[in-house]
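See structure below.
Naming follows writing order (A, B and C), and every chain is counted from residue 1.
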């Protein structure tokens, strides 16, 4: 059994951003030496997410717009915290809620050394509270 | 270690539909020869989903109705695309958004050759943009 | 390959409640003897959930409040059922819908005998229809 774990760093540039990480995941799978198995991809942060959808800029905008429609920044949230990076009291409950309902991980089969996914399935790292340096994990299990 | 991957085809009949696939998943697990392990079930399409809930027709209706309440078809989405099957510009951003928040996969343990799940946990393939021929994956890892 | 499955019982105390189960999951991982692998945690009930977010009481309140804002108890749901524990017709479609969009499972890597997760990632069992005795599963695969 082969078990590999990669920690990938990512500098996000905006408050909210959908970053296509499909090529990185494919690359890690291909160089892992695993022929058949499973790849699990997950964020390590609670104000970011990981999700699978079609890889289109217009859809990236729709996701961010409509998650914000469901969880507006200026709702009367209980959770407010001091944000180190801008030296003021901040509000990121909306980011946590988007993370929860958009999801934080995905898992795909590996067959003959390649990830098995639908032709339109694109893997996105979702920044909901940036810009920040982020880390996501790619774990591969198989043989 | 045994690793098996099945691709299951499914013809959906409606624009939106919740299809109970629990028996198929159980069957693939039981004939896999895996005694203990994990089964991962996932859709390969970004305008469909895969989720676990109680197996009741009234609840199927509630899921479809209330996902459509959150993401109405006639919102002002950025994503519009030409739909081959009806020869016109179409709108399926709502289908992608439902797929993202309803989820696209589930994973259960296998013990003594059988899937371990709660008595009411039913596995659904969710069509949000049909009717279409769809494929979902059942992967089994174990021994 | 080591494969272990634990069933954990949990008595919830409120109609809706977010219960931090991170320490229990860590404990099961550490005593499993698995050095490298995967842990999958999942609820066995369709009116409860399992999710990962920051471990803060104010955020627990925000999650429950805002899932209820999206799926109010008094919406006109199709699904109504008799509730044994209070002897009357009940409404828990909202609980099922919260379970679906909040999610029912999480999976993390294990490395050197310890679960790998971000410093703020806290694992919650989510009760949406209590109080009830609940069971969740912790499965560990690895070596």
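A few notes on this one:
Note that a residue touches a chain if its C-beta (ideal position, glycine included) is under 8 Å from a C-beta of that chain, and two chains touch if they have at least 3 such contacts.
Just so it is clear, the structure is predicted and the values come from calculations on it, not from any experiment.
A turn of 120° superposes the CA atoms of subunit B on those of subunit C, with the angle given to the nearest 5. Where the sister copies subunit A and subunit C meet, the same residue numbers recur on both sides for under half of the interface positions. Our note on geometry: subunit A versus subunit C, Cα centroid distance of 21 Å, whole angstroms. Among the residues of subunit C, those in touch with two or more other chains are 1, 38, 70, 101, 103, 107, 141. In the complex of the two chains, the subunit B residues touching subunit A come out as 1, 3, 5, 38, 40, 42-47, 70-71, 75, 77-80, 93, 96-97, 99-101, 103-105, 107, 135, 137, 139, 141.
Interface residues of subunit B facing subunit C in the complex, by the touch rule stated above, are 1, 36-38, 51-54, 56, 58-59, 61-63, 65-66, 70, 101-103, 106-109, 111, 116-118, 120-122, 141-143.
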